[in-house]
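Everything below concerns the one structure shown next.
Letters are used for the chains, namely A, B, C and D, taken in the order the chains are written, and counting of residues starts over at 1 for each.
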Amino acid sequence: MSDELNINKKRKNQIKTKSSAASGRGETDIDYVRPAELPEQDLYHGHSFITKWIFCQDAKVIGVQYTLTAVFTGVVGLILSWMMRMQLGYPDLFPFLTAETYYQMVTMHGMIMVVYLLTALFLGGFGNYLIPLMVGARDMVFPYVNMISFWMFFVAVVVLMASFFVPGGPTGSGWTLYPPQAILEGTPGSGYGILLMLISLSLFVIGFTMGGLNYVITILQARTRGMSLMRMPLTIWGIFTATVLALLAFPALLVSSIMMTLDKVLETSFFMPTIIKAGEALSYDGGSPILFQHLFWFFGHPEVYIVALPAFGIVSDLISVHSRKNIFGYRMMVWAIVGIGALSFFVWAHHMYVSGMSPWFGFFFATTTLIIAVPTALKVYNWILTLWRGNIRINTVMLFCLGFIVTFVNGGITGIFLGNVAVDVPLSDTYFVIAHFHMVMGIAPLMVIFGAIYHWFPLVTGRFLDEKLGKLHFWITFLGAYSIYFPMHYLGFIGVPRRYFEMYDSPYMTSAVGMNEFISLAAFIVGAAQFIFFYNLVKSLRLGKPAGKNPWKANSLEWLTPDVPPTHGNWGEKLPVVHRWAYDYGVPGAKEDYIPQTTAPSEVKDAEVEKT
Amino acid sequence: MFTGLIFLAVIIGSIVFHVWTPWWWTDIASNWSAMDDTIILSFWIGGGVFILVCLFMVYCIFRYQYKEGRRSEYKPEDKKLEKGLTWLTTIGVVALLAPGLVVWNNYIRVPDNAIQVEVMAWQWGWKYRLPGKDGKLGASNNRIISDDNPYGLNIDDPNGKDDVFVESNELHLLKDRPVKILLRSIDVLHNFYVPQFRSKMDAVPGTITYYWFEPNKNGEYEVLCAEYCGVAHYAMRGKVVVEDEGSYNKWLSEQETFSSFTAKNIDNKLNKKKLVKINNLSSNKNSILKEQDVR
Amino acid sequence: MAETKKDQTSTHKIGIYLWIWGLLFVLSFFSYMVDWYNFQGLLRWSLILFFMFLKAGLIMAFFMHLFWERYALVNVLLWPMTAIACFVGLMVAEGKYTVFSRLFYFFVGGA
Amino acid sequence: MSDLNLDKLPGGFKGMSEDIGSDQTTFKGVNWGKAMMWIFLLSDTFVFSCFLVAYMKVRASVVEPWPYPSEVFALEMFGVPVPLLLIAIMTFVLITSSGTMALAVKYGYEKNRKMCGWFVLLTAIGGLTFVGMQAFEWSKLIFHDGVRPWGNPFGAEQFGAFFFMITGFHGTHVSIGVIFLFIFARKVFRGDFDTGRRGYFTTMKSDYVAIEILGLYWHFVDLVWVFIFAFFYLW
């Protein structure tokens, strides 16, 4: 701690002497912040309804648009999951659920939840809304491109949803889209369905790249005075690293989509070896199916962290604010986020231990994968150490954070099982995997999303969400989801393979029937509980308790705008000037138990601040 | 109070469920008990971390609940604590990784006395090929699969002449003798998986993959396809029978060899029609689909 | 928009561009010669890669001005290449393994 | 307006750590648009790398012989087949256009409207020539040699597929670049960058830095060609 302090002091002294030479300021000016490097941003203010609310260039509106679109796809994904659970829990009850529809639902559920809900919501939704506010910018650096980005995403969603209505239905190849089966007869939706999926993914990648460039450049180049990287809230660090990952990982998805489209349409043989169908050889020859898996997971593993890192960042902020305590080990947290992000490009083939790739890769990827466990574990320690000796408000937001910690630790530990190559052999492609990734990148990030919505709803709308409904929503969701996925691991131990439409009566699997029924029941309840949340949103929009300025007594910039909810341009006349990190809670000597980032040192003279 | 108690109940419930669960792995029937051991080790270390972290969290909820006017401790960093935790985690990770790598090393190195068995996967079923007396499988290529040559064997390869064809879903294996499973697929990805043997690997069209195990319990086991392979994936079952030498040899002698197959094929052209039916995969697929519609 | 002081002006003498330009022609000519003289094996590979990286380096450094940029930008751009290097390396190994399996099981036989 | 004077900031790694530790901007003195183009190019590098990695992996693992590029891409000159002749000319054209672009950027810095405009126009013409030659090469391969994405008379069928896909993707980049070069040539001549005229779509003020950004893109296209040339034609 002390050495950093010294560096800071040294730098301050340097700056002070420099500035005193330049502008004749006094030596004693402890509030000095370097003057602005950049002129004020030039903004386009919409005048008509269309330019204000539809083709809007305000990042906050775009963020809300992203959120609503993503939540809409999420509801579709939720309904699909209900139908899957109907089949799994009560196999012969619903005649409209055939194997084809089941596999189509599995595929669409997976793709929607991972890409169109979680990625779009965290980066497109929270990213757009929070980045300019939290770094003290007036807007994203390229508002026009940002607007196009959303509409690209919208078109991608439309194309995706269109695949439900084409002949043959949506693709049923599993969300991993492994060729050869994805584009061959024998898989549902191997005609139009898979094509629309690939087109939709390509559009998503293009749209996302536009948005992603905005997020990265805004964070790197458009921070306000005094906002150094090491003063940024961890939310921004999480979103920033995830965006960088996305910009570098989505290309692999784009390339594999293009190549598979060509395999389908032009009958090239990138991924297609000699294939005998109905006793006859198809025209393909010499391609490599494993290559697709490498490309897909070179995208797919960073994708996991694209979802996880913003959740890590956001939850750190929520925990800190609501336990009224500085985040423990801020620098460690930042390094952990960056380190996890960097390492995530070197671990992709741990999804492929039993794929038939070169067996020697197992050693490399098991080692790199378990190395990632170290920074991840440190983040967990730091979250609970932030709670320790805090002053914890047990409200809905905090409940969701606690729920996140439990589910994330649980899912993270089963991840160590699967990352450890020899342990993965019996468990891969079983329900253990399903349980693991739903726990760690399904439920855990969703907990954060809910917590974040409860936390920032007062900022976006000026009203609180209903606490009672919120707590009800939390308990049903958390306990229900936990009782879905915790027992599910044990199905994997039995050896129940994933993506089975039904089990028949394999002798050792009969015991799974009862559990499947229980899991299905829990899933119906958890799904239904989400409508409490939607009701709460709609109700509170009009009738919620007015929140006023900075209702949580938080430090970070987004709460310090002159207008609540913030208007276009965010800051009114003058940009804020930042004097400290976002976590000065409970500083000894200060009057209040929080010191906002814009408070100058001279205003809190007695505070014994350690980190600046 | 209430919150802390429920979280405590979740943790205790998890432990109770784990200890008394009726859902546990099916009895092992191969040499890979080392995999089970590494899983148990992971459970001890991982489960320990889970319990400690969550209990600490619950303690914090109880102890540091919001009180008006109380200040939280101001301590941005604690170098010593963070360093200690890093080392502790690293040790835990190494303790998990090292045995895993050792087991994997055994998994990819096949013992010399292993019997080769080719598993040929297709949409949606299994066929097998065993080496003849020479103990070697002949070269094969999907390109030359035909009615006369259902396994696509290279006619010029002497190793293939005495290869044994098992054109059914049922495979017999010798007890206590390692087998090297050579996986081959003629259409899409499949995965030859018997839960009791713990081991699995994808069958990839266009290349051959392998793994090995040593069955050590007599009995019949169900084969499951563990890599999604199309609409009848769930119906792609097979059977493995592990038995002693006597009955194994009897079964083996009942199977056809490549040379006897070709000879018979030339002798009896009538037979060809029947073979077409067996090999006509689409008819098989339709029957599966039909079965589904009936249901 | 974001205009900073241009008093340091990144403008350089025209000579440096012409010089690099000429160098690129020469290097392209050399790499073309590798094919013309039909070098094979390791020599071909090392020459191809050598000229390729040299040309790429010149374009990046001088035409794209990376040589004059501050280290923050340069490092941000170059470090991600390690991920690609790792990907390339592993895929070369994977390609070798695949071709070995194919030749062995499909043509040699006797496994 | 600013106390930022790049000449006074320390360089090297010391400067880097100071830049990263500072407020407001991390890339000191780098325009937003330029930074965006750099990060975009980084992302695009990954796209092309994935294409090339896929190509290498497939080429390394096919058992059929790979067509010999210097024969496939040979051109009859006076009755003698000259290997890679067209490709060599294309390479020279693209490098030439890269050079003219570099000069355009230089004159853009100096706000020399005329010279800048002419060099941008010259670059556009170079790019157009390149695209034209590529069209010629494609049609020769398709109509004369019978190369198709799904097969060819020379050997492994992925040859055609990768050739059309990778050069096609590169050609698309070149074409987009040519379109923008023409648009920007017009903008330069019209004096948009001198008057700071606002863009039709973005409503943002024009500035000569746009030429530098376009230059980055164009050099990148050239850079990719260096790799394609090495891996596709020379291997």
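Throughout what follows, a contact is a pair of C-beta atoms (placed from the backbone, for glycine too) under 8 Å apart; a residue touches a chain by one contact, two chains touch by 3 or more.
Remember, predicted model here, so these are calculated numbers, not experimental data.
K.L.:
Name the most central chain, where centre means the mean of Cα atoms.
P.N.:
A
K.L.:
Rounded to a whole Å, what is the gap between the Cα centroids of chain A and chain D?
P.N.:
That pair's centroid distance is 33 Å.
K.L.:
Centroid from C-alpha atoms only, then distance chain B to chain C, rounded to Å. What do you get?
P.N.:
Between these chains, centre-to-centre, one finds 42 Å.
K.L.:
Hey, how far is the Cα centre of chain A from the one of chain C, in Å?
P.N.:
That pair's centroid distance is 34 Å.
K.L.:
At least two partner chains per residue is the criterion; list those residues in chain A.
P.N.:
In chain A, the residues touching two or more other chains are 37-39, 42, 221, 248, 285-288, 290-291, 294, 298, 360.
K.L.:
Among all residues of chain B, which ones touch two or more of the remaining chains?
P.N.:
141, 206-207, 209
K.L.:
In chain D, which residues are in touch with two or more of the other chains?
P.N.:
In chain D, 2, 4, 20, 26-28, 30, 32-33, 35, 42, 46, 49, 57-58, 61-63, 204-205 touch at least two other chains.
K.L.:
Throw together a list of every chain pair that touches.
P.N.:
All chain pairs meeting the touch criterion are A-B, A-C, A-D, B-C, C-D.
K.L.:
Give every residue of chain C touching chain D within the complex, in rising order.
P.N.:
Within the complex, chain C touches chain D at residues 1-12, 14, 17-18, 20-21, 24-25, 28, 31-32, 34-36, 38, 44, 48-49, 51-52, 55-56, 59-60, 62-65, 69-73, 75-77, 80-81, 84, 87-88, 91-92, 94-96, 98-99, 102-103, 106-107.
K.L.:
How about chain B: which of its residues touch chain A in the complex?
P.N.:
3, 6-7, 10-11, 14, 17, 21-26, 32, 34-36, 38-39, 42, 46-47, 49-50, 53-54, 56-57, 60-61, 64-67, 70-79, 81-82, 85-86, 89-90, 93, 96-97, 99-105, 107-108, 122-123, 141-143, 145, 147, 183, 186-189, 191, 193, 195-196, 198-207, 209, 222, 224-235, 237, 276, 279-282, 285, 292-293, 295
K.L.:
Which residues of chain A touch chain D once you look at their complex with the stated criterion?
P.N.:
11, 18-19, 22, 33-39, 42, 44, 141-142, 144-145, 209, 212-214, 216-217, 220-231, 247-252, 254-256, 258-259, 262, 266-270, 283, 285-288, 291, 294-295, 298, 578
K.L.:
Would you mind writing out the residues of chain D in touch with chain A in their complex?
P.N.:
Answer in residue numbers: 1-4, 20-28, 30, 32-33, 35-36, 39-40, 42-44, 46-47, 49-51, 54, 57-58, 61-64, 149-151, 156-158, 160-162, 165, 169, 201-205.
K.L.:
In their complex, what parts of chain C are in touch with chain A?
P.N.:
1-4, 80, 83, 86-87, 90-91, 93-94, 97-98
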